[in-house]
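A short worksheet on the structure shown next.
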Amino acid sequence: MSSPCRASLALAAVALLGGCDREERDSRGQPVTETVPAGATADTIYPGGPSGSTVTLSPKAAAYENNAYHIAQGQQLYGQMNCVGCHAHGGGGMGPALIDDEWRYGGRIEQIATTIVEGRPNGMPSFRGKLTDTQIWELAAYVRAMSGQVRKDAVGARTDEPSNTPPLTQTRREPIVPGEDATP
Amino acid sequence: MSAAELARDGPTLHGPELAARLERSWSRDPGLLGWLATVDHKEIGRRYLVTAFVFLALAGVLALAMRVQLARPDQNIIGAARYNEIFTMHGTTMMFLFAVPVMDAVAIYLIPLMLGTRATSFARLNAFSYYVYLAGGMLLWIAFVLNVGPDVGWFAYVPLSGPEYGVGKRADIWAQMVTFTEVAALSVAVVLTATILKQRAPGMSLDRMPLFAWAILVTSLMVIFSMPSVALASGMLLSDRLVGTQFYNPTENGDALLWQHLFWFFGHPEVYIIFLPAVGFVSEITATFCRRPVFAYPVMVMAVVAIGLLAFGLWVHHMFATGLPRVGYSFYTAASMAVAIPTGIQIFCWITTMWLGRPRFDVPFLYVVAFIVTFVIGGLTGVMVASVPLDLQLHDSYFIVAHFHYVLIGGAVFPLLGAITYWYPKVTGRLMSERLGKLSFWLLFGSFQLTFFPMHLSGMLGMPRRVYTYPAGLGLELPNFLSSIGAFIVALAFVLFIANVFLSLRRGAIAGPNPWKAGGLEWATSSPPPPYNFAHVPSVGSATPLWDGPLKWMSGLRVDEKEMLLTTVVSARPDLREPVPEPSIWPFISALALTVMFVSSIFSPWAVLFGLVPLGVALIAWFWPKQLEPTAEPVIE
Amino acid sequence: MSDAPTFERDLADVPTSAFGSRSLTWWGVIAFMAIEATGFALAIGAYFFLMAHEHSWPPEPWLPPDLLAGTLFTTLIVLSEVPNTLAKHAAEKHDLPAVRRLLIVMAVIGAVLLVLRGFEFNSLNVRWTDNAYGSVIWLLLFLHTTHIATDWADTLVLAALMHTREGEEARRFTDTSENSLYWRFVWLTWLPIYLLLYWLPRWAP
Amino acid sequence: MAGAVRWRLAALFICTLLATPAFAQTGAVTARSVAQADNGNWEMPGKNVAATRFSAMREITPANVRNLRVAFTASTGINRGHEAPPLVIGGTMYLVTPFPNKLIALDLTKPGAPTKWVFNPKPPTAAQGVACCDVVNRGAVYANGRLFFNTLDGRTVAVDARSGKLAWQTKLGDIQRGETMTMAPTVANGKVIVGNSGGEMGVRGWIAALDTGSGRVVWKAFNTGPDKDVLIGPRFRPFYAMDRGKDLGVKTWPPGAWKIGGGSVWGWVSYDPQLRLIYYGTGNPGPWNPEQRPGDNKWTTGVFARDVDTGQAVWFYQSTPHDLYDHDDINEIILVDMPVAKRMRPVLLRPARNGFFYVHDRRTGQLLSAKPYSYMNVAKGIDPHTGRLIPVPEKEPKVGRVVRNICPAAPGAKDWNPAAFSPITGVVYIPHINLCMDMGALEANYIAGTPYVGADVKMYAGPGGNRGVFTAWDPVHARKVWEFKEDLPLWSPALATAGGLVFYGTMDGWFKAIDQRNGKLVWQFKTGSGIIGQPISYRGPDGHQYVAVMSGVGGWAGAIVAGKLDPRDGTAALGFVNAMKDLPARTDAGGMLYVFTLPR
Amino acid sequence: MNTVQSVFGGQGAEGAQFLSLMTLFTVVTTIIYLLVLAYLALALWRRRRTEHTVESGDHAAEPPPQRTALIGWVALVNTGLIVLTVASFLTDRAMARTASSPALEIEIIGHQWWWDVKYTGADPSQSLETANELHLPVGVPAHITLKSADVIHSFWVPNLAGKQDLIPGRQTDISIKPTRTGLFRSQCAEFCGVQHTHMALDVTVENRADFLRWYRAGLQPAKAPTAPLAKAGYAYVMTRQCAMCHNITGTEAGSHFGPDLTHLASRRSIAAGTLPMNRGNLYGWVADPQANKPGSKMPTLGLEPNELHAVVAYLETLK
């Protein structure tokens, strides 16, 4: 191939490199012994001031957080495991709203995963043992996507259900920086 | 300077001195910028051809990968997800990036030569179309390499390609690639239609036009009236996936069948857009190698036009299994059967040409014979699947895979390979090797039957399309194994053909202007033709000018300015002298701006608005007339 | 080819520019019109296809678009045919000052129409994410808006061109005449869309 | 020609004859109430077992209501939906609060009514996770010295009225299976009649009678399943053929679906002491997606009459066979004697959720009249011979396709908030709603303890744009007397008084009084939060008339405020949020008792 | 040649009609093909008497016999096509007639990568729901209503009849009248995602008595297990992940996200035809479904060995 073709191909390859992990389809999910790192509860106040060490994100967060395949699986699980019964399509009902920016128990993916596993005293059921590790993290990834925390190119604009909420690709929300609690 | 002093070709200025001055005003400047700025239809045609064959090779490798996976039952060499990506890329690349563009390539190169004109109309649009096509192909394949390739099949049925089940950016890349290739194909169609209607050599009235030109004219009109359908459909799919419109959402009263209707309204004309240029090739090759024009010229022209019209009336035969009212289906069965009549007529006329003429069994002619033997099988299986009760059993099975490979490879690729062998001397000045040509021909013909005939059987044994494996014990082992073996031999045959092309570049016999003693105008100029094609404007008296007495010419076109002659639409009487656009970098820049806009609009809908600004600037610069003509050209009404 | 070829005729006297179907760019404009007309026809086909799915059109709780902006737009775009035809005749008579004035008028009309179109977009009473009805009428309006925007940009460039010395060039007059032809096509395609968007929902059962 | 003229004259004459009684308000043939005499107390939510919600106090009249002022207020300290009425027995007022269901006793004899004692049943917090439509409680009931009420986690509690000490408590519901209890019990013939709620959670509905003394379950009848579970025996003689058959509770369901089929009893129970029959309605079948439960889905969305002592079913009428839109039939049942074709008959009146105002003969269940009292487009009417509702086919929800403009919406023409009947005018005063909805059905998965709904719903205002209506309905002529349009849906019960007034509250906090005769607004007072509680009227220790109501928005309609829901999702709170997006701006949550009286 | 999944089977009325029409089409098209080949061969290798070529000077000649041959050929092709079109139309009408009086109502809902089969009828309490298997009484025309829960699938039993697509938001139907008994295999014929390959359906055509016996057995709820290992398996299935997705009539498990398992052990294959039904495959599938059907919605649970034995023991009691 003549020189111009080779140059432009290399340039384009570098530009799109970031695309590949977003599309990675890993339906097996790596087996991780400890589902959720201990102590990842809402860490708003530190006795004697912040301890300086920002909360280390669980290694699984990166694998699930912006992955289109896991978010889509989470979206299907959200409907089939009856989350939609209490939280509707993010607006809430029996359960609190999920598309707003108020997170009683923390808005980071592992905090949401903790809520799903442990349940919460005011009526959130515990799914420990009821869902596999992968499913729980996929649900947590989708819940974050509902409030716009996720990259726009990892979410679908709508589902094949009635049109309920504004397209996920257009929910404006500032991303949550790890270590800093989400409730403004 | 008054009109008289302007340098013009004619009795006072002809021969080598004219050639030198014309060479200077028609050739482009060297280097990368010159390469990108060319508007010479021959250079763009060659680039289209090379790029299309690169994509053919890439898609061919994917076909081999699929055959390896399907050679034995219950294999897991290629995983399910990867296999779906591979068959989607194979189908999409073959249909959008090889079949249509390769026919455009040959047409862009040959039509001006066949019509006796110096360039295509809208030469810059022609250059622009190539770069848009190249960008679309690169988008698809870079995405495939980066694991973002589409995996929803070449016709991406909704809702699988919709926002809920078409996860991530895969289907967006497919839909945007369709937009690229459809912009390119539409541009080429506009260029070719205008060239054929307005730039034929004086005297070449419609009934003296080469049959290939008729085929390309009908193909271009079909592109103009069918491609907008897939543009609209993929645009609606993109907006469903990005901004949440509800076109294909069945619950919000959208419909999954809306996609199928719009896609197949384009889909079926698309396969005839690929087939009709091949009809043109066969007519030209048969005429030259049987030493006489094709039998019943007006009937052949009517057949081509009939196919062009009928193609728009039978798209629903792709949707017989979707539960539409049965009475509607019988109309489409009749229409699908009717399209076999003009094809049958053409086959008869070709064979009659052979009957009346004296066939010379050179490689191009062998490909024509192989075309007839193979394509008629495909056409007849097509008649079978036109019937609803049969199609309900055969639809979406490997029987259909066999059918469309017979009509596409048999019907289009065989004539294409014949055409390349036939016009190779005109493009390169050297003949391809006859011995290597025959070897690759027989190898291809034999291995093609070995590969695709067993697929009729595996389809009737219940093997659906697009399965990445099949269970043992269903009798599918033998046909699949044979197909896999055949596929590798087909690949070998293609490698031999490509080797023949490259070896003959240096070691092929010198061809001269008319090695096959053919009758068309393209054989009236040197091989390879100079940038201006013809020193003087040829004048035509019959359908095969070189066979009917010495060629007469017309003088008077400018020499220091690029100029060509426009003729009237029906009788091709000289009408206007049209300036030919200068080479310009702006078509390339506009294609770049369009690419940036299309690709970034996958990630954010606002890119459509922000992308318009650079595109607008590039387009304005493209159309802005260059320097003022130094001498005010006196206006003669 | 060494000896001198026999020449039948000398083409020096053939003209270099003409109006109407004799010019090459006319065929280019006609081809693009065919492409866009097919696109519009298919979009309208999709509109009727989706309409067949609903019991009532527009679907019950949604109201049809308000008439004001749409009707104002339609009257203005139809009236714009007057300066458009004048510009075409002026171009065909090579009347440069008239063409310059009329192109300015057409550019202003184009700008006003685009502003009116903005009002039309938010008088549709439905969002494109609400249902298939909303999506298809936004699609039709968006397609026609790009149609107007491209021709408006074309008119602006042409107007600028005519004000330079380039204006005297014969080819620019053919360009102006073809631009007027294209504008005529732009508002002809608008009429069916106007009926579909504003009146069919009111008449449909 | 002459015949025609004569015929028309006759018709004219008959019409005037019919029309006259409505205007001659006083003394004409009206529906007499069979309720007991009024002793000035308010001992049960319905005021009496005939559920007339009519107070015989006549001190406050349309003339003097203008200067009604607040006597005292008390806060419950809980910010959820207050649907319960305050009860007044002697000099003490008792309040039941939403979760955690505190029972507060206020001493009316002292100025400012200080708190005497508070009883805390301490229900587990997890119970809030299975309460479909806000953690409400519809009130307690007083009988022979004790107060009986239900807690959210499914316990019936008896508390001694004087000391506030627990007498007994019986566990009946299991929150692990999604069962809660929010209804107000009814005491009939020494038995406390209670039922469960959880129709949206795939619960199997039942009604039970507990002995007032010991809390022992005397009898328990399910609303789905084989006849022996439903206590259907030889005495069961439904009036219409559609309700006759063996084990219909199983035959009208797909196999096993009746076990999670709903039919809960979360509404009102009335009792006729003469006939010794209790009357109650059964809830909606589960799941909402009708395609998942083909068949009539007996015995959901219908009215049962049972013997109070044995629980044996006497008659049943199914208002909505194979319910399509969650039209529970649990609304109040008002027992009156009414002239029908010139003969006085013991009837029961039901402004039902499916939009029809039913009048049945309460001995046999025969349907005497059923006219729509609100706009509807989902039913063509009731077939008088078979008693069966005639649905409109294209309005039937289908999986995979949204059905639009279903009127009335899922909460129906009137939800749980009961109407009041005024014997002085013979008119039923109905506070109800005017909402339509889009509904998309989808396949529901049953996972115990989680919602089992299978529908995407979005509600919006019905024709006219007003989301609420207060209608005066003449049951004798089955005709609307007057109506008072309200912007917000009416979620508060009504109170009628002998003074000729009708009281109700709006969801943005206005407590209104309307003249019974002409429907004119005569007085209103802005309370702190939306009113969805039952207003009551009682004679205070000083012998004067007091009117009391609890102000605290919530319930299904107020969930957007009580649960701080996000208005961008139209389907939140099972679709109600789409119709209430403006409520957060007009009221906030609260929990306050307001007591009004005339200035001394 | 396999008799389980092939269009040559013809065990259904519609399948037989297809075979006869197919033979007619094959005969007619083969005749036309041989004619073309013969004419081509003759044209290429015939002795040249008069040539109409450039070399012979009259290359433009178009002798009349060829013109009449052309018209004859067009007439032949037209008649051939008309015959085929009419034959196809008649076969289509015949198929529609056999579908006129269905005695059996079935509803099939396509999911991403398994089939939900419901025998609906007038009496809802007699309706049966099963998955990935279809039993048909021989000789009885069955009317199958086809719906999809997600993407487009296609229901195709080659031995019995043609295919029909399952399209979300629409309701299509197909009528099948099996004429001979036998065990057949059907496979989804419209690309529907990553596991389109493993979306098969076991079709059993049996005489009426066997069918009614199977149907009544299907109506019975799952029997409670007795053996201790099976009881442990029951406890796991009811309290852990299985009940969240599967329905076992007669137990607490009531979710329809995954296939119905009430009579799993009586089926011929596991996971929509991915593995034939036997103990080893049950172990393989439950232990690691993602290995056998990658991308399937059934996750790899990571069961402990004792849990795996218990669960498989319980599943085997679901006859």
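Should a chain be cited, it is by its letter among A, B, C, D and E, assigned in written order, with residues numbered from 1 in that chain.
Here, a residue touches a chain if its C-beta (ideal position, glycine included) is under 8 Å from a C-beta of that chain, and two chains touch if they have at least 3 such contacts.
The UniProt protein names, listed by chain, are A = Cytochrome c; B = Cytochrome c oxidase subunit 1; C = Cytochrome c oxidase subunit 3; D = Methanol/ethanol family PQQ-dependent dehydrogenase; E = cytochrome-c oxidase.
From a predicted model like this one, the values you see are computed outputs, not experimental measurements.
Of all chains in the assembly, those touching subunit B and also subunit D are A, C, E. Of all chains, the one whose mean C-alpha position sits at the greatest distance from that of subunit C is D. If you compare B-C with C-D, the chain pair joined by more contacting C-beta pairs is B-C.
In whole angstrom, the spacing between the mean C-alpha positions of subunit A (Cytochrome c) and subunit B is 46. We define each chain's centre as the mean of its Cα atoms; on that basis subunit D and subunit E (cytochrome-c oxidase) are separated by 52 Å. Residue numbers of subunit B whose C-beta contacts span two or more other chains: 81, 159, 164-165, 240, 243-244, 246, 249-255.
In subunit C, the residues that touch at least two other chains are 59, 129-131. Each of the following residues of subunit D touches two or more other chains: 400-402, 438, 440, 444-445, 447. Listed by label, the pairs of touching chains are A-B, A-C, A-D, A-E, B-C, B-D, B-E, C-D, D-E. Of all residues in subunit C, only 55, 59-61, 131 touch subunit D in the complex they form.
Against subunit E (cytochrome-c oxidase), in their complex, subunit D makes its touches with residues 202, 250-256, 260, 293-295, 399-401, 443-448.
Residues of subunit A (Cytochrome c) touching subunit B in their complex: 2-4, 8-9, 12-13, 16-17, 19-20, 22-25, 68-69, 72, 75, 152-154, 156-163, 166-167, 169-170. Partner subunit D is touched in their complex by these residues of subunit B: 250-253.
Contact residues on subunit B toward subunit A (Cytochrome c) in their complex (touch as defined above): 32, 35-36, 81, 138, 142-143, 145-148, 159, 162-170, 240-244, 246, 249-252, 602-604.
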